[in-house]
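Report on one structure; see the data block that follows.
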Amino acid sequence: MAIELGSNRYGKAETRVVRVVRDSERHEIVDLNVSVALAGDLDDTHLTGANDKVLPTDTQKNTVFAFARDGIESAEEFGARLGEHFTGSQESIDRATVTLQEYTWTRHGDHTFSRGDGGEHKQATVVYENGRPDVTVGLRDLLVLNSTDSEFTGYIVDEYTTLAPATDRILATAVTADWHFSETDVDWNKAYTAARTALIEAFRDTYSLSLQQTLYAMGAKVIEVLPQVDRVTLTLPNKHHFLVDLEPFELDNPGLVFFAADRPYGLIEGTVERR
Amino acid sequence: MAIELGSNRYGKAETRVVRVVRDSERHEIVDLNVSVALAGDLDDTHLTGANDKVLPTDTQKNTVFAFARDGIESAEEFGARLGEHFTGSQESIDRATVTLQEYTWTRHGDHTFSRGDGGEHKQATVVYENGRPDVTVGLRDLLVLNSTDSEFTGYIVDEYTTLAPATDRILATAVTADWHFSETDVDWNKAYTAARTALIEAFRDTYSLSLQQTLYAMGAKVIEVLPQVDRVTLTLPNKHHFLVDLEPFELDNPGLVFFAADRPYGLIEGTVERR
Amino acid sequence: MAIELGSNRYGKAETRVVRVVRDSERHEIVDLNVSVALAGDLDDTHLTGANDKVLPTDTQKNTVFAFARDGIESAEEFGARLGEHFTGSQESIDRATVTLQEYTWTRHGDHTFSRGDGGEHKQATVVYENGRPDVTVGLRDLLVLNSTDSEFTGYIVDEYTTLAPATDRILATAVTADWHFSETDVDWNKAYTAARTALIEAFRDTYSLSLQQTLYAMGAKVIEVLPQVDRVTLTLPNKHHFLVDLEPFELDNPGLVFFAADRPYGLIEGTVERR
Amino acid sequence: MAIELGSNRYGKAETRVVRVVRDSERHEIVDLNVSVALAGDLDDTHLTGANDKVLPTDTQKNTVFAFARDGIESAEEFGARLGEHFTGSQESIDRATVTLQEYTWTRHGDHTFSRGDGGEHKQATVVYENGRPDVTVGLRDLLVLNSTDSEFTGYIVDEYTTLAPATDRILATAVTADWHFSETDVDWNKAYTAARTALIEAFRDTYSLSLQQTLYAMGAKVIEVLPQVDRVTLTLPNKHHFLVDLEPFELDNPGLVFFAADRPYGLIEGTVERR
């Protein structure tokens, strides 16, 4: 029997950096949570504890802050710049994965901003390897809801079936979506807005016979509007809104009162690809 | 020695009710998390387990759903209606506290809506007793940030002081605010918007010498704009943004790169009152 | 109209201090999350931003770390020591509230320990005022479950009732408990263990006709075993375990298969007092 | 341009089932959170909304409850039984992934149990395909800490380095581990205990020159003690405990007082394999 080291990586996770742009009285802020993961020739530190090929995670954090000094045009560009640095400056590092969560603030004045604590945010992942970045961008925790135009009928019935068909239901989900770019000559901030709009509009405009159908429509729409995107992955929990039975109280309930359930929930996962 | 029952209450917490208004093709949705707590003549169930004065929490949940059928004009009105019902219909119940968290959705079409999963929300508390409601309204998890116009100097220096005075810092907090109404003849939805705007504008317009000073300004502004409010309570964590020392990397940092820390944090709590 | 400052306090929340005792090869660790809140003559900082009576929260954090150097016999003693310092050394501070969450580690060797990330923990609150500490101790997030010996029958039936009486149900709750001491000449660590055991044993030994009855029994038992305790406050969510209807699948279900629900839940709150 | 459906799956997530064994007065409880994900011939529901090959997630939930009626010997066996059912009974389903989180309760009597709300738990994943289960077992949220016998020195120094070498530090991590079985003729409950013990003992017994070295030792030990395991994947956040500088207060700090930081943190990920 032999025991061997398999794939591995390490880095500093969740460095919370806020960059203020104060070139004029009208400040801007960029608010990121940056995670770095490096891979390469790292057998020694695992097998003998020799760290001469290890760039400390503390140094990675310092690098994030130092690079932020130069300005952050977009999360994608910042991630690529960090990835290029780590792979280019360290012989032992072949691949750098930089994951950046970005929180959007709403302006209320020259230097005043607000946002919800939690809620929807953007996530960009840049994998830097062989001298070039591979970019995936996505969003998290965006709830969308259609109060009608959703059915679920015609499914398999077996001995464990108790569900009644629904011809008019609420369809609600928390969108986790990631779209992969086949190139990097992209206006990142514009592309993000376009993808987000495409997801919401496809959700809105699909008369849904299943959440799977809606998922496919959402992914396809992102591919349609962004020519540089070749793949969209979606994870859509079916956040069930159950129509409450009000008959015991001598009340009807024509699609008016719903119970929003937590668990269990349906979970629909799928990828839509450009071929 | 005697052992006795002190104050007590019970109820159904966190009934998640979504009410759709479909009077026309343009639907509306009201999304609430409703908690009920009842108090009164409840010694028996504690001391002997006799439940003949106990309205089950399951029934309270049913009541929330049944009352939602009639429509929900505002969280405040809905809470008052529930409180009146529980105290009015049950001889054993003297006081009903109804707490309602409300989540706001953004419209994207006739029946399509979105919101962040998590983040800022409204919270209304209605205490119904002696035939009348007592209403407190508030908000939770609203982050606000000023990127300048904040100082902290002139404080006590003792043997444990290491903090350097700051003459230009980021001031950021997650607002928890509750404002109490001295009457109930109020346009609730309009009042909420006015209070929220007052909080943000007071935060924005205060050149801050301490977060306490900003807290007072925020509370005072709500009282100024809402004549029916007699008390505002605020809980403001000082969400520290530390200027990163970039000197080791031969970079200056004139208020540009900050580390957003999690814990520990300052916590400022205070009440502002109309006299 | 006049606007005035009401009650207020401020301090450093959630300083995470770990104290290692290394007097011998067999180390000990004390793991605390310490929050300080100070109250006193603080009008100036609210009204004018003058901070000359403000001990910075940063200094409070430093003090927590410096005092930990001397050793931490118990959370209660450490909180009292800090409270005495803040009120004794600062003329402007009348009252110091020190809240300490304590995480318990399991030993696996001379210097190796484990614990769950999250889960049950102790919480002590020391209010130091007028030269003496007032101590409340409690626990959080302890789940307890009886798989039988629980009923719920004989309750009020009204027009919104659909619940069927239960003569044998699962009773489960997440215990939040706080017991207040009328004196401070206490072996704190021993008292904590005794109170925790009392809560679990009373839960176990009560044939329950309502969760209220169980709550009272739990509070009473703590008062019985700890002569220095004069008040116990309990918050007990009724974590519903619903018997699943298996009849559609031609199976019986004599108390075997349950669905553990999240929301809504019953919430029972009460205080038991020594008179 | 063509747009196509890529890999996809769907199912019911987080069905919370509690199974009581009441064959004697001494009850047992099994507490699971079960997620099912099915894959197969599912193009139609994505492309046209035709659901005739879709087994509803509601039915999957019902099946979990119905199968629990027969008893749950282990999470692994229960997952395999469900996977066999879904793939065997539905022509359209080729692969079923059943993920089971298991919560362990401590006994306090014949029918009384406790556990922390949150904290460490087991996770088993069974992928059922081609008529056989593929089993991976793991644990989550187990914190382990060594208060000495950990160094970090000899690392790369570059222009962004500020970290000082540490020759005696606290090493703490929250273990996420998964070990894959090459066969299924296993005493699952016994194997879990052995793996958990191996992880803790390897953490304890490794004088650590890097967390990577400790990770490798932990994985190797699981492979050593369990002959049916061929792969162990570990994700270990380096939960930094920073020695507090007490010099400004004229105190030394020989490894006694630490600040337990939240973010950022190191994150070490690696796989150890039997060859």
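When the chains are written out, they are named A, B, C and D in that same order, and each has its own residue count from 1.
Keep this in mind: a residue touches a chain if its C-beta (ideal position, glycine included) is under 8 Å from a C-beta of that chain, and two chains touch if they have at least 3 such contacts.
A quick map from chain label to UniProt name: A, B, C, D = Uricase.
In this text the structure is predicted, and so the values were computed from the model without any measurement.
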Show which chains lie in contact with subunit B and also with subunit D.
-> A, C
More Cb-Cb contact pairs, comparing B-C against A-C, go to B-C
Rounded Å distance between subunit A and subunit B, as computed from the means of their C-alpha atoms | 29
Please work out the Cα centroid separation of subunit B and subunit C, and write it as a whole number of Å.
-> 23
Just curious, how far off is subunit C from subunit A if you go by their C-alpha centres, in Å?
-> 37
Multi-partner residues of subunit D (each touching 2 or more other chains) = 15-16, 62, 66, 160, 162, 248-249, 262-263
In the complex, the residues of subunit C that touch subunit A are 159-160, 162, 248-249, 262-263
Subunit B-touching residues of subunit C, taken from the complex the two chains share = 1-16, 35, 37, 42, 45-59, 61-63, 66, 89-90, 92, 152-156, 158, 160-163, 208-210, 212-213, 215-216, 219-220, 223-224, 231, 237-238, 263-275
Subunit A touches which residues of subunit B in the complex?
-> 15-22, 27, 29, 31, 62, 65-66, 68-69, 105, 108-109, 111-120, 141-149, 170, 174, 200-201, 203-204, 241, 244, 246, 248-249, 251, 253-262
